[in-house]
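Some structures to go through are shown next.
Both of the next two complexes hold chain A, though its partner changes from chain B to chain C.
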Partner chain A sequence: MIRTPLRPLARVLEAREKGENPDKIERENLRERHEQMRDKSRIRAEGRLLVLGLIFLAGFGAIGGRMATISSAEPQEPVASASQAAIIAQRADITDRNGNVLATNLATHALYAQPHHMIDKARVARELVQIFPDLEEEALTRRFSDGRKFLWIKKKISPEQQQMVHDIGDPGLQFGPREMRLYPNGALAAHILGGASFGREGVQSAEVIGTAGVEKAFDDYLRDAANGGQPLRLSIDLTIQAALERVLHGGMVMMNAKGATAVMMEAKTGKIVAMASLPDFDPNERPTPLTEGDASDSPLFNRAVQGVYELGSTFKIFTAAQAMELGLVNANSLVDADAPMKWGKHKIKEFKNKNYGPYLSVTDVMVKSSNVGTANLALQIGKERQRAFLKELGFMSPTSVELVEAPGAKPLTPKHWGDIHTITVSYGHGLSASPLHLASAYATIANGGILVKPTLLADAQPTQAKRVLSQESAADARSMLRQVVTRGTASFGDVEGYAVGGKTGTADKPKERGGGYYDDKVIATFASMFPAHSPEYVLIVTLDEPEDRTGSEPRRTAGWTAVPVAAEIIRRTAPLMGLRPDFETDTPVALIRTSN
Partner chain B sequence: MRSLFFVLSALSVMALAFWVYQENHRTREALAQTKDLQGEIGQMRETLGVLRAEWAYLNRPDRLRELAAINYDRLGLVPLRPEQFQRVSNVSYPAPDLPPIMVPIDVMSTQEGAQ
Partner chain C sequence: MTEMVYGSIPQRGGDPVLPRWWRTIDKWTMSCILMLFGIGLLLGLAASPPLAAKNGFEPFHYVSRQAFFGGVALFVMLVTSMMSPTLVRRLGVLGFLAAFVALALLPVLGTDFGKGAVRWYSLGFASVQPSEFLKPGFVVLAAWLMAASQEINGPPGKAMSFGVAIAIVAMLALQPDFGQAALVLFAWGVMYFVAGAPMVLLVMIAGAVVLVGMFAYDNSEHFARRIDGFLSPELDPRTQLGYAQNAISEGGFFGVGVGEGQVKWSLPDAHTDFIIAVAAEEYGLMLVLLIILLYMTIVMRSLYRLMRERDPFIRLAGTGLACMFGVQAMINMGVAVRLLPAKGMTLPFVSYGGSSLIAGGIAVGMLLAFTRRRPQGEIADILRRR
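For the complex of A and B:
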């Protein structure tokens, strides 16, 4: 580069001759030089900016392009990584406590039609009706030719049916893969499992959603792919459930009952081993709910959880236990049991207008199931304390069992809890609760007075338990329950070797339209625990409108109806649960009165 | 010297390209194989699911009960009853084996001698 001198000698001399200031020349040259420098650095800076801009453009372009490809491309399973959580099934299995499958999935197909591809619509309709007798030929032909381009024919078909449809050989009939829910045990534990159906449907797949029972209560868990296909393990024991349902069904038929329900529960943990409600249904073909009439007449109705009944004398033990807990009485205290008892305009009577009085020990009030004796105990307790105790036992709120139906089954309690309600509730009238409520309350007595919450999960962790009864009161109550069986109203319940303790309850059914009770319709309940000296299991059996017609006149009391059924259930299931019969400690310890 | 360097680097680029091509090919092959395997695993899982469902279906309590009733003559299966629990002391175990006979007594000859 040729550098122009700031003071070129020739020009300086020339300027001096003319008498001008030579410094001007220097300044002008300096200015020119600065301009050159400025232009040069501007070009350089512009170049750098351009390069930088290009780099940014490339960077953003790369990110944007990648985003565009990811968003527009088909999703793909990562095949290169070795350890991946494979999605095994759309919905996890449900098993019993021993891992026996209660609900699983089966790959099957759905059948759909594209009428515009069909060659001979009439023939297709005719042959389809031969394969699926529940379809109607005319309706099919009509739907094939009304201009629509797509219609579902069957949501689930078996491989044999698929082959037969293939054999029709019409290009308008197509199959879409489906995963269907299968309950291999049929109607077994139907009310617990509930059922499943299809949610959103596409040609290639369909959502399987739970419609009732645990399927709905655990819908999110079962569908959560993050669980890696881990089955949901219930506390149900398949064998016990099957035996219990069988015996209960036999009992329901023999006792001419309209319905029956039974709950078998572990006394210490509240885990439900078996729970049945009859009549039942097949969850594979879940019937549609009733749109009119009484919902409890539908086989879908879960009597054990949804059915709230007046459970009758089974409540008496709570009154006795609370009176003992409060120190008002002990097991041998005498209470007034002179029947009939007058309270205002009401008259409290005993069964068949008997009179067990004038005085009965608390134990005998339970053994003879005296309404008057219990009423007097309840009056000593008082309505506030009685109500608080029943609330602690869970009779004022729905059960917390993991069924979608449970929160809806709220017990019916008196609106204004007067003294007369204190009396009637003490022997189980005027307060309606579900058999499951009763089971957990009896389990609380069986568990030495520590509250038990019912659960259907095998791995349920016991929560912080609350003591509602002392050990001693609970033990006394259990001894009373045992004596009800050995020498009281539940004598048919004495299963040799298992020391059954329990309380019967027979309650007249209230009329549906109000206005009193039926004379000839009862709810018979037997609430029991075995073995009574250290209870392992609690069993509640409730029969709806039973009638034993073997005698000269129909017998409806629980002692004749629910108790024999419960005894047979215990006889059948206790050995299966590994309970060894104990013939030695079965003799009751008697207190012998001696003189001196 | 310089040209030798150029030739060498060109050769190494070619060799590397060849190696990369081969590796790429093998990776693709491995990926295809994994895909096949995963498809196979998926199919086997499906089969397993079907078999499990079938096992559960065939072992449903209703069917077992019916089978036990049909085959009662041969198997004699009845529901478990409490009476079937027994004490170990009630079991009639087979008598213990005799100890080896050290001094045999000749019964035959004794009898003959008596005659």
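For the complex of A and C:
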């Protein structure tokens, strides 16, 4: 392109000759050039404006087209009113091992008020109190008129109550859909299930969170939508649980005990078939925890898991089994059982100051429940080995059962494990553990020496099996336990056909404020397994402060209290669990040939 | 005779104002705007009673307010459209300065009305949103600067206007009001485009916008939530968008009937951001298409008239105003049909809102003033045989 110079020399010279101002030429040329530029930019702008116009045309066209598409589409399900929005079942159900429902959800409503919409606040308060007697009319009226625009009245109401509130007909009373946790079996398995309550609350829905038991332990699992509503299947058997609770309750009343607990466990897997603690509660209306006094007096207290007790002579079998395992004795070896035995300033005595000595076979030490005999066995074992063995059986740490209460129940063990502790622990004093600890340890003896982990899950996979006793030692120990029932302290436990084996334990209760033991309050325990020759189940029954008053003087030993209760439980539940009674026939059946 | 006796009446040169205005104004655009305003009132009758009921006013409280502000807006529009481009430019720049100061003082003196962003001045009977008034002022200023830069030995107007735009965007983003910020940036971009932006630069700017968007997404929860809602494939029917979409479907082609719509009871912004959903539900696709057509006509007519405009300032300012107007409508409706991520933006002249109406009146008045027919030197072209 040829640019015209702004000051062309020829024209400038010419202008100078004529006496004109040459700047005029420059200005004219400048204007000309400027106009050319403008024309160019105008043409470019025309094109770009056209592009813009097309873009707008396309944009508006797209919106119009999209509008038309949506208009011609079928409207979705009407969701105009938010209160109709469905609340999906969020929390998974809990079932027993056979799929019977233990915990499920129920659609219900919460009642709330919007006082600024109310027509007659006084009347609403009056009529609400008639429907819900636990509300106070004055408090309601006050809360309705203190200027707030929203208040909860009831978190859960029944359909009948909802209808009655509806009939009040005040627009200021509103219902929010709720999903509540329902335990259809009431108090059954209450301590295992625990309970649930509302977490964060909105008008349209509220979060349900577990507060105790498996509900809390598996809270994340139950609320996890990824499980697709798959129920949590527990190892509990509802039928067995019901029978066990029924009998245990009867036993507790008959034996005048203030509390009772029982654990039924599969010997081979550690799965808990039934577990009860009395007194119990209804998880649908979970009571508030005690704010003062002893927490173990609350019905919320799970004695089977949270309660740590000195379990008494039930521990003796561990001493005997270990002594046999170490090869120190066999079932028929004689041990020194001369009572009372002196150890330093301590005196080890037998029950009621008897003397079974001077010598007893190991079997008879168990059958007669000799403290002195057991103490001498324990001294042979030595404190380090005794402690290691008890640790392997799980007595030094909380149980790993899937309850949120379990980790808090740490066994109480002697601080400095001296020889005197070796002696007392050998017959179950000075070491406090929960009945569930005892159940797992007895399961180890029952299944031939393999450790088990107590579990509440039906689908629990057994962990790496660890053997702590040889088959032989375990079999010898079981034979001793059987003889305790047939000719020893637990003779009331002999349920015909089920060959029960077990060991009694009666421990004086320690005083709450320290300083020795009560002489009229005991913890009576019967740890049993059946059938003794090849045990399937372990049953622990513990009664708190039992007293059999049928005789001339109160009898508190386990043989008189816990054992009959356990026997009745076995009698009722063993057939339910599919065990066939095995009647020993005294006279061999003979075929009599008949002919004529 | 009279003349002969009393002498001639002194005559002013040139045409009288009104007839000349009527002759040169773009009557198509103006009638479209009047129709939009009428539709706005009609929809206000449908959409605002729930809000009035909620706030305890009589049902058509907001409609009468809308009519009042609309009257003011139309008056402002008419007055503005009668001004000469030079006067518009002067007032526009002055208005820009005032609005800019007002915007800068917002963090100190403004209120957020509990909506999470400080955008308003409360005047008691009404609230004012300075950013609404800033936009037309900014367009005029930027067009002036860019036009000046096309003069030989002119100032570096493009760079200066870009600086101003960035300052405004920064202030708006701090409120946060990404919608208005994007509009300002968009208006500047369009003007720069028409003023002759190099292609390479346009591509780079597009890239920069994407980067800023990503930065905002990462750093502003407010922004990120809306984008996430847009990108998620399924639509929760209980969100605003879900209600809007359902309302459009319910309406079908001819609507469910006047006053029969339900969506206005569910959507808190039914009278502003989602008014198109109310229109679609009660009057059906027909009214929606009419509204789209009106906006399209305004934008296309204005752009067509500006194509013939020779004055760079008028061309640029007109383009900026027309495009901003059109894009605001497009974004509002695009959100309702889920073509665009959720962004609170009013539908110009139809949505309820005093600030938005009056500022819209000013902007459209300017646009009308710029698109008036005026001699474009065609005769000179013919004479010069170009």
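In the analysis below, the second predicted complex is superposed on the first by the 496 of 596 C-alpha atoms of A that agree within 3 Å, B and C clash if a C-alpha of one lies under 4 Å from a C-alpha of the other, contacts with A are read in each partner's own complex, and residues count from 1 in each chain.
The criterion applied here is as follows: contacts are C-beta pairs under 8 Å (C-beta built on N, C-alpha and C of every residue); 3 or more make two chains touch, one makes a residue touch a chain.
None of the values given here were measured: they were computed from a predicted structure.
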{"item": "Touched partner set for A:498, first chain B, second chain C, both or neither", "value": "first"}
{"item": "Touched partner set for A:13, first chain B, second chain C, both or neither", "value": "neither"}
{"item": "Partner chain(s) touched by A:188 [first = chain B, second = chain C, both, neither]", "value": "first"}
{"item": "Touching partner for A:106 - first (chain B), second (chain C), both, neither", "value": "first"}
{"item": "Chain B versus chain C as contact partner of A:33, first or second or both or neither", "value": "second"}
{"item": "Interface residues of chain A shared between complexes with chain B and chain C", "value": "77, 79-80"}
{"item": "Complex contacts: residues of chain B adjacent to chain A", "value": "31, 34-35, 38, 41-42, 45-46, 49-50, 52-53, 55-57, 59-62, 65, 79-85"}
{"item": "Contact footprint of chain B on chain A as seen in their complex", "value": "77, 79-80, 86, 88-89, 100-101, 104-107, 182, 184-186, 188, 238-239, 242-243, 246, 495-498, 571-572, 574-576, 580-581"}
{"item": "Partner chain A, residues of chain C touching it in the complex", "value": "150-152, 190, 193-196, 237-238, 242-243, 245-246, 248-253, 262-263, 265-266, 280, 284-285, 288-289, 292, 295-296, 299-300, 303-304, 306-307, 310, 312, 315, 319, 323, 326, 330, 333-334, 337-339"}
{"item": "Partner chain C, residues of chain A touching it in the complex", "value": "30, 33-34, 37-38, 41-42, 44-46, 48-50, 52-53, 56-57, 59-60, 62-64, 66-68, 70-80, 82, 85"}
